[in-house]
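Both complexes below contain chain A, partnered by chain B and then by chain C.
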Partner chain A sequence: MDRIVVIGGGPAGLSAGIAAAELGAPVTLVERNAFLGGRPVEENYASITPYLEDAAMVMGRMEERLRAAGDVEVLLSSEVVHAAGDGPYGLTIRTPDGERVQEASAVVVATGFTHFDPGRETQLYGYYEFPDVIALQDLEAMLKEHHVVRPSNGEAPRRVCFIQCVGSRDRQIGNEYCSKVCCGVASKEAIEVRQLLPDSEVFIFYIDMRMYGYWERQLYWPAQEEHHVQYVKGIVTEVLPKDGRLLVRGEDTTMGRPMETLMDLVVLSVGMEPSPGTRKIAGILGLAQNKFGFIEAQQPPLDTVGTSRPGVFAAGAALGPSDLEDCASSGGLAAARAVALWRQHQTVGAR
Partner chain B sequence: MTTSAVNVILSRKERFEREPDRRSEDFHHHLFELEAEGELVVQRVAGEVVEVPTKYGIAKRIPKAHLWHHKSCGQCGHIPGYSTSIFWIMRKLGYDYLDPEDQTSCTAWNYYASATSNQAAQAAVAVRNFAAAYETGFFPLIHCGTSYGHYKEVRSELLHDAALRAQVRKVMERLGKQLVLPEEIVHYSEWLYAVRDEIAQRAVRDVCNVAVTVHPACHYYKLVEGDAIYDPDVYHGQRTAAVSGLVQALGADLRSYSTFFDCCGFGFRHILVQRDFTRSFSTLRKIEVMRAEADPDVVLTHDTGCVTALDKSQFAAQAHERNVGVPVMSEAQFAALAMGAHPFKVCQLHWHSTNYRPLLEKMGIDWRAAWAEFEEDAKRLSDGRQQFLTWADVDA
Partner chain C sequence: MDRIVVIGGGPAGLSAGIAAAELGAPVTLVERNAFLGGRPVEENYASITPYLEDAAMVMGRMEERLRAAGDVEVLLSSEVVHAAGDGPYGLTIRTPDGERVQEASAVVVATGFTHFDPGRETQLYGYYEFPDVIALQDLEAMLKEHHVVRPSNGEAPRRVCFIQCVGSRDRQIGNEYCSKVCCGVASKEAIEVRQLLPDSEVFIFYIDMRMYGYWERQLYWPAQEEHHVQYVKGIVTEVLPKDGRLLVRGEDTTMGRPMETLMDLVVLSVGMEPSPGTRKIAGILGLAQNKFGFIEAQQPPLDTVGTSRPGVFAAGAALGPSDLEDCASSGGLAAARAVALWRQHQTVGAR
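Take a look at the complex of A and B:
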């Protein structure tokens, strides 16, 4: 029997699976990891932006909703490896028990993003050279353990800074897009560091802060007014070792002068890139991708989930940088579109 | 105390594997396509070949032998032991080469320093030299970092600009030559990297106690950066592996310093119009930082401008009692010394300004005896018993 196959068990995939099942369609959700929850669980996010709720708990609630939603089959440690047909599709799924073919009346691709690897280009930030240069997701994992330290010596950092737009908005690297969430996530983490280490000083070096919608009120102003996070306009050019600490060198564009300041912990606000799974599934299903490798929606702005293949919809960060709210919304829309197709196939089959 | 998160962070940093980058075109396809269309001739890499990793994962093929040495103006003028060391190493390893007499300057000085000349003239000079190599059957090996970076830019221009190709072809026709581009543009330090293990096997001097800092040349890895060698085993693939990879293979004590990314100070325009800036930059930003942070016995680089700037600038700084005094040479000279080359007949260290003698002593080289041998040779030349030194003399 035809089912709706959702590929990816992160926020967008869970949202799509829940919506499709609640609308009455049978759902098979395929997840490459041995667990559901996507990046928030895989990377040990402490809390979700902007509400600061425990990430594992939020994703756990999503999983419970999915499993309670109806006819839902969850295949963990599994991957779609082949697709036959022009829609509906016969998807070959590799599971721990071997390969099987699943007939799908519609497919939702929710294969998500990967964090920009800060070693790929930004050698001047020294991510792979200095233990105390970390990325947003590294700090998230430490925040989850309520234990933020300098990896080099295990001591609590006194001065912490975030460097924004690492791997985003960078024509030199080729990522000519804003990753949307990093400003909010950095501000959220800055608040959490200040809460955990009240004696610390926390700085955010930025080109311009991009706080969409309510994030301005939820994160940006509280970070400054309640938690005394210091925002410095100007991009950092290099991070160097000095006297056992990290010398952050760059330009303070408000003051119009070069800047050098010592830090104990440098957090790179890395942007989003298509996940390996997104690139792979785009190839298997023959989906058009944009120049950055994300799956290309065919008729934006008002159809944000339709892809170049009939019956295949994309959701969440597989389409481009997205926050959790965007992922949940596009997951729901993709599910609605998929269910509509599934119903058409049921009707045709019944005749 | 470490936590699981800290352990994950540290383990994530243990190894870096660079993904292919969409910006970095693999020019080979385009090159052979144009050849098939009759637009140009490609001189192919032949014989024994070593594939080396470049920044974005495109394999680069380095031929081991039968190489045409495109020398450097700076080597010839300031550091003659530089090119002699490269030749000497090739001879010791048994690889044939050609030291051509009809090579011209690449004229990139015009391009970078003063913006004189023009695109077609610059490209024509490059192609003229490539064609000269092609006619001999030997594959070009570029000694100078500036020429190397410039030629890679020229290659890109020629591949993408049909009008430029037509202009250059016209010039070549007048010279009776073809529009030739080599399959790879290879820097001599890439060749040294490719044969680094062979060099290490032939080393006769223990350099494990020698502290080395490396200055990677800007024109080597900051221009057309996707074509420079990066090795995951050298600085986690975060810095070019040229020079450092050889130092590691020789077993020397490779030390880092914070201003590794900075220019040597040479630049181009200011070496001509603001020489004091070059001198102060070389000493304050490079040599003094190395002294303070790494205390090296020697600085190795792989471009003649860099050797010259870092070496000669210290001479003036000594008068001002700055914290300088680090010998500077190419990694070819250092490798040759490790392999037993004569410090004066081959490496010609007497052309260098900074005191290299403590380094030689640390390497177990009796520089007094070597100098006496060299003076003996020079005497034979001055009194007319011999016209010039030969390879037989340098190994005597």
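Take a look at the complex of A and C:
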């Protein structure tokens, strides 16, 4: 029988799967990892924005709700490798037990993002050259262990800085978009570093603080007022080793002057790029993509989930930079559209 | 029979109504205006972000889709005035034909926002004192008519400026949130002014440019590069009349010096506050609200639509500052949750 196939078991895929199954449709969720939870679980996020709740626990709650939701089949360590038809689709799924074909009335693509690889601009910040230059997700893993140290010597850092917009808002590298969440995530991690290491000084070098909606008061003001994180409007142009520490050079645009400052730990706020899964599934299903490789919604802004193929919907960061709320909400709309189509097919089939 | 009642016929309510009806649930949509389309229609928006499409046309497409979606009853010039029960609810709806009671398995609250009234800080910007100080929505109405003039003398303005964060990010007036869309809307309107009046100079005074996601390349860069809109990081502290024009005073924070400049037209980028309808329905249904009066989601970030009452979901700007994508997506999730509940009630009722 036709099912709804959700591809991806992160925040958007779980949201879509829950909504579809609670609407009474049979759901097959295909996840390439051996576990559900997406990036927050895969990359060992300590906590999620904006309330600093344990990431694994939040994602675990979603997994429980999915598994309790009705006719739900979860295929782990599995991938969609081929699609036949033009809606409904016959999807070939490679599972640990071999390949199978699943008829799908509708497909929800929730294949998410990957972090920008700062090695692509290694000449600027030295991500692969200097051990104490790390990325947001590296710091998350340390925060998860409640153990934040300089990788070079295992000591607690006294001065920590975040550099925003690494791989975002950057025409030279071709990512002419804002990755939407990095300001919030950096502020959240900065708060956690200050809580864990009260003697540390923490700086955030930013172009614009994109703390839209409630993040302003949930993260940005508390970071400054309660946790004394120091926000510096400025552009960092290079990071160099000096005296066993890191020299951060750039321009302080508020003061209007060049800036040089020593840090123990530099955290690159890397932006979002389409995940390999997003690129792959776009190819398999023949979905229109934008110039960055994200799946392109066809009728934005008021249909956020429709793709260029009938019966294929996309949700969350497969569509572009997304926060968790975006994932939950667009997952829900995608599920509603998918189930409406599945119901049509049931009615036709019953004739 | 139990229906799903959607309260509000703007972007979020239409999205929710469409999704619910396409899922086969009977929908009653209650709208206080005599027409659908919400703020974009009510306030005569010329076009919507980010693609400058005609606002009435876009909203009209949604209305058409709603009316074609199945068992949909639209009650215009109507209001929910009372609620009995604790899910399902018996909602008393006041219509032009008198009051009626509607049983509802689930309710979607999509009662939207209202613009911050800049008269609340009239001492700063003179919205009610100087005719050439207007707000975003006033300029929209002029753009709709392709006739942008100085209200004081009917002449085309040569120098136009936008002042961002009026009623947003402002602790003194109690709105400690960013209204999320004003940077995009101001940039969109600035582009349209430059298209309509090629001889004009257009300035945007901002604190941070909140052009998250794709807006960066859809609006922010084109505004600067193709349309020569001038962005000035600075805080405007007062607007005064001078020589028949407006003297705009403040601080240019990039240059680090005080700023005084003459403008012909000053546009206040007013933020979002809960609509009267949001405040009223929160009282009628007993929904938890945050300190600003918006309805509070109970399980954010990964359940964006659940409220403090069973079976009552909220979507769009009833929950807080929202862009059109937020409205479409959260409307969809709210519909999915509402229909799942309606189906349960049908099953129980059929026993």
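Here is the rule we use: the second predicted complex is superposed on the first by the 350 of 351 C-alpha atoms of A that agree within 3 Å, B and C clash if a C-alpha of one lies under 4 Å from a C-alpha of the other, contacts with A are read in each partner's own complex, and residues count from 1 in each chain.
Methods note: a residue touches a chain if its C-beta (ideal position, glycine included) is under 8 Å from a C-beta of that chain, and two chains touch if they have at least 3 such contacts.
Quick caveat: nothing in here was measured; it's all calculated off a predicted structure.
Of the two partner chains, chain B is the only one touched by A:G126; chain C is not. In the superposition on chain A, A:G167 contacts neither chain B nor chain C.
Look at A:W215: by the touch rule set out above, it reaches chain C but stays clear of chain B. Of the two partner chains, neither chain B nor chain C is touched by A:G10. Of the two partner chains placed around the shared chain by superposition, chain C is the only one that A:L23 touches, whereas chain B remains out of contact. Of the two partner chains placed by the overlay, neither chain B nor chain C lies in contact with A:G311.
Among chain B and chain C, the chain that touches a larger number of residues in chain A is C. Of the two partner chains placed around the shared chain by superposition, chain C is the only one that A:V339 touches, whereas chain B remains out of contact. Looking at the complex, you find that chain A touches chain B at residues 44, 117, 119-121, 123-124, 126-129, 131, 134, 138, 141-142, 144-145, 147, 149, 151, 154, 173-174, 238, 240-242, 247, 291, 293. The part of chain C that touches chain A in the complex is made up of residues 11, 14-15, 19-20, 22-24, 48-51, 58, 61-62, 169, 176-178, 180, 208-217, 221, 253-256, 300-305, 320-337, 339-340, 343.
Those residues of chain B lying in contact with chain A across their complex are 1-6, 8-10, 12-13, 16, 18-19, 21-23, 235-239, 258-259, 261.
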